[in-house]
Amino acid sequence: MGDVLRIGLLGCGRIGIMHAANINMHPKTKLAAVYDIDDSASKNAADTHGAIACGHADEIFANPEIDAVLIATATETHADYIESAVAACKPVLCEKPIDLDLARVNLCRDRIADSTVPVQIGFNRRFDPGHRACRNALLAGEVGELRQLIIISRDPAMPPSEYCAVSGGIFRDMTIHDFDMARFILGEEPVEVVALANRLIDPELMNRIGDYDTAMITMRTATGRQCIINNSRVAVYGYDQRVEILGSDGMLQSENQTPHALRRHSASQTAAQEPYQNFFVERYREAYWAEIGAFADCVMNGTQPEVGFEDGRRALVLAEAAYLSLSEKRVVAVDEVD
Amino acid sequence: MGDVLRIGLLGCGRIGIMHAANINMHPKTKLAAVYDIDDSASKNAADTHGAIACGHADEIFANPEIDAVLIATATETHADYIESAVAACKPVLCEKPIDLDLARVNLCRDRIADSTVPVQIGFNRRFDPGHRACRNALLAGEVGELRQLIIISRDPAMPPSEYCAVSGGIFRDMTIHDFDMARFILGEEPVEVVALANRLIDPELMNRIGDYDTAMITMRTATGRQCIINNSRVAVYGYDQRVEILGSDGMLQSENQTPHALRRHSASQTAAQEPYQNFFVERYREAYWAEIGAFADCVMNGTQPEVGFEDGRRALVLAEAAYLSLSEKRVVAVDEVD
Amino acid sequence: MGDVLRIGLLGCGRIGIMHAANINMHPKTKLAAVYDIDDSASKNAADTHGAIACGHADEIFANPEIDAVLIATATETHADYIESAVAACKPVLCEKPIDLDLARVNLCRDRIADSTVPVQIGFNRRFDPGHRACRNALLAGEVGELRQLIIISRDPAMPPSEYCAVSGGIFRDMTIHDFDMARFILGEEPVEVVALANRLIDPELMNRIGDYDTAMITMRTATGRQCIINNSRVAVYGYDQRVEILGSDGMLQSENQTPHALRRHSASQTAAQEPYQNFFVERYREAYWAEIGAFADCVMNGTQPEVGFEDGRRALVLAEAAYLSLSEKRVVAVDEVD
Amino acid sequence: MGDVLRIGLLGCGRIGIMHAANINMHPKTKLAAVYDIDDSASKNAADTHGAIACGHADEIFANPEIDAVLIATATETHADYIESAVAACKPVLCEKPIDLDLARVNLCRDRIADSTVPVQIGFNRRFDPGHRACRNALLAGEVGELRQLIIISRDPAMPPSEYCAVSGGIFRDMTIHDFDMARFILGEEPVEVVALANRLIDPELMNRIGDYDTAMITMRTATGRQCIINNSRVAVYGYDQRVEILGSDGMLQSENQTPHALRRHSASQTAAQEPYQNFFVERYREAYWAEIGAFADCVMNGTQPEVGFEDGRRALVLAEAAYLSLSEKRVVAVDEVD
């Protein structure tokens, strides 16, 4: 491996393409090859980003000129590709979730258990400058002991109904980011989960696919630290991503930020600001950038990623606990589902 | 009754004295008489506020020169005094809670059931200009249908341990305000409650008295509107009282306000503001003022109070549901305890 | 003089009546007598506030039961009444300005020169909690040496045209508060003034009465501290009253505050706040209250007021300098007009 | 010219290098060649950014493979290079100022008068999303007629003293950006200028080089629109860049923004934010990016730049007027110096 990490990209959809651009702009990484199940998509991406197009994923795993892979394909392929990459000794950055089925995730875990090849899961929000500064301030003792954590996470608009139908459900698809954020901030594993979920935005669709669009999940760690996750599939005022930490000596808030700082004052109102960034590509632009850098760093330095396979697995375990709580209307011990 | 409502005050402790001053400053009310179990307290209050001191509460109920009573005595006397006042046909403004024992509250309800004498419960926060404007904006349709409600309610500091020991517990003493706020905003009755409570601030005291200092309570209405109440007995940065409404067409937040608007900028930070108002007397000054005015209005206009006896009772029912959820670690239907 | 300062009020117009209410609510003061050129006004005020109505101002000056006077009459009577009060050994709180004519002010100064009777000028903004905290932080060294001062002072709406015609002009009527604020904060006397004034809001009226509705005045102290005053007779978003201090080690801002802290978020904007307080009675409510208390304190303690006669005079001198700068289009040394 | 504008860069200092990176990242531009008076600097830049290194500026002007030039060399070379570029029919994006000497600027103007080759001046702030949205809201009529404009522009820290000595003075070096911003927003030319300048930060240096570090400049247009520019060479809390517009129907503020949105709350303060972006490269990152895009657009579409040569010249004229006002202590008509 030279000065620059040569990355093979699997999956040239929206998120894959975003990663492709970041990989080429980042001084530590370079896009070497791309693959997509759709040949024209990989060809397009290859042309735009100056990489070779592969007709099969195995060409990437087999290519000695490729140092690492980024998996941004459909969810059901993630576990297979992680296993192939690890078998080929290629460090992996895999988009979340590892799989929608915990059994499959556990199997994958067992299969790669003997390897030390770095596997990083794409929980991009851990790299958001605001959330990260919030956690750093906590770790630095600025607010003393954490007592309560509030995570507000609301998407600007419903995904397409076809996506909803195969998403795995709101907890495995959307809340999974917040479960990871909770684990990132709490400093201890949640041991109990209670979930509340409703169909308030598109009841017809949600009924049909058996999913929910509005949820509140409370969790608790062994020492009694409390967490509430607040989810909505729609927030018309923009992508709402907040973290609030109540500590014994103070409070920290990682708030939303507007694209620029215009304030409007009129006879009817003052200090009105712009709507929030529309969605994750804009809101977490710096986070995605830092995520690629962190991946390059861990591969190049021979260290393990900050967000590893087990982090991806544990977030899914919490999602399972939430579903069990929902169906049995009770507090669920995380151990019950793990 | 003349142009001004002549009020008899029962209880000359801190909160009673605050009411006494408001009653005399308010153009629609006048303090006529005061009573306290401690004679010197009533004498002092009478002197300071130009009212007559009564040696027994019955003197107030029997006095034809007194149009209405304000009950600010110890909690265990509230129900008795409400019954006496109603029997004497004196409209009542009674500090919360009606009683710590739901059975006693229900008995009181039955005893005054045949009367139309106005009984207002002192849920002062309903009269806070910010919270009220928030609800009004919701009712005016500014944010469409309510989907989620977040109530953050944190006291600046622990009450004295003697108070804690007789407070009735955090849900009946502190959260009860938030249960009422939830009912005020939600527009529908909560039908399910789940509670989480811990001993994070003063575990020794809390263990000894069997209480909790940190809590999260989630609730749901029949149509699926969700609510989270977030309580802490300590917030070192001041009395933290926020309400957030997520609606189908927008969001409303009733935020904290600092005593004045100084912003400090230095090499290490920008826009730092003053700590929040220290506690309820300062934070809810305008609310207490408006509460007295609303009471005077309903008595003078012969209407029923905005916050009546049943509101006081239902908030206690929610507290009972929260306790049951806590002990049985499950979602509790409000009907189970009512 | 007893425990409470008995105050005689001259002038029962809007501002006089506001003072009357404060005087009676304040624990240190009591309204003893009122006078107004309009008998019915004084009678009304006397009835409402429980004071005696006087048919002539001299009755107040001559009354030994009156400890001090508050002058809130028409501007042209201020100097006369100050002289009468001082002659009668009655401490004075006089609304600004002392007089619109500097020569008359100087004469008044000479006439009361030998007296030590306290004369406080009604620059209420000095008592605003935010502005005062701003100055205190400066004096405490929080931002090091002051380098630049920005005062933004905009009224919500034009005064009635009859008022404008006799106001003495924008600098003597409106900016005079800001000249005083500048002196209060700068810590040194301004020695140079340059003024810019235009007729942008109601050019027809301003032309007719020879006044201006929009102005910027820059000033400088001997050591080079700079100040800009920014005035407008109209700000549709409310009474805009800000102070900003740039120091060697930081910045301080005394910002506007909304009546309550509702934030509105919608598809087109976020965090929109209420319009600012409409005008001085609301915005400076706490300042007027503190002003009365400070007056009572200085009289009772035998000290001199924080805002004395010379402060009133010097603010007018700056107004004169501003007018000279305007007519000669040059930097004016304050000495030229004093 | 193909799909991409091939740009030759003159000057590989800090700002040149920043442009080089932007040019290569921007989809519409590509760095073709670089030149610097220091051969190693141009070689370095050429290596890093994949361009050819030129030993002489003329190689760039003569190269038919180069579509346009970006001038980021020392100020005294700007006018010469503009003339060379125009003579070679190469569109120019030239860093501000055109020259420190108005006579030289006028000569340059005359020399290129017959050409229609686009000459864009690097007033990057015009492309700042916040400032631009502020102006767009004004142009859209959101706040009615502009009456007052406040520009606050403070650098985080003093430049090196060697730079100060050759900067041309604060008005030509620093305020020139604000003169341009004033012209951009006011919608009319300033016709009168008054300047105030002091030596408060580093008096010894400022005395030695005959410059100032702290300034306030007020200006007025023919219809009476007022503007204040507020400059300081040091603001310890970060790069402070604000624009405020008072209009007949409202107010607009383009405020500073922090790098992320962490809020700190403690016993001594609430809502404390991060310091502002340190300096122009960070604060105006998006502006520099948009500037390159706008340049590419105007060249490719055959239109004239939004910020042309005359804009560069007029900002300097205002600087000259400010200097004259400073020395003669009077209001200066802009015509006097143009």
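Order of writing sets the chain letters: A, B, C and D. Residues in each chain are counted from 1.
The rule is simple: a contact is a pair of C-beta atoms (placed from the backbone, for glycine too) under 8 Å apart; a residue touches a chain by one contact, two chains touch by 3 or more.
Since the structure is predicted, the reported quantities are computational estimates derived from the model, not experimental observations.
Touch-path distance (fewest steps) from chain B to chain C is 1.
Comparing the CA-atom centres of all chains against that of chain A, the greatest distance is found for C.
The centroid of the Cα atoms in chain C and the matching centroid in chain D are 42 Å apart.
In whole angstrom, the spacing between the mean C-alpha positions of chain B and chain D is 58.
In chain A, 236-237, 249-251, 256, 258, 264-267, 274 are the positions where the chain touches two or more neighbouring chains simultaneously.
Across the complex, chain A meets chain B through its residues 145, 147-148, 150, 152, 154, 192, 194, 196, 198-201, 214-216, 218, 220, 224-226, 228, 230, 232, 234-237, 240, 246, 248-251, 329-331.
Those residues of chain B lying in contact with chain C across their complex are 25, 128-130, 133-134, 137, 142-143, 249-267, 274.
The touching residues of chain C, counted against chain A in their complex, run 236-238, 256, 258, 264-276.
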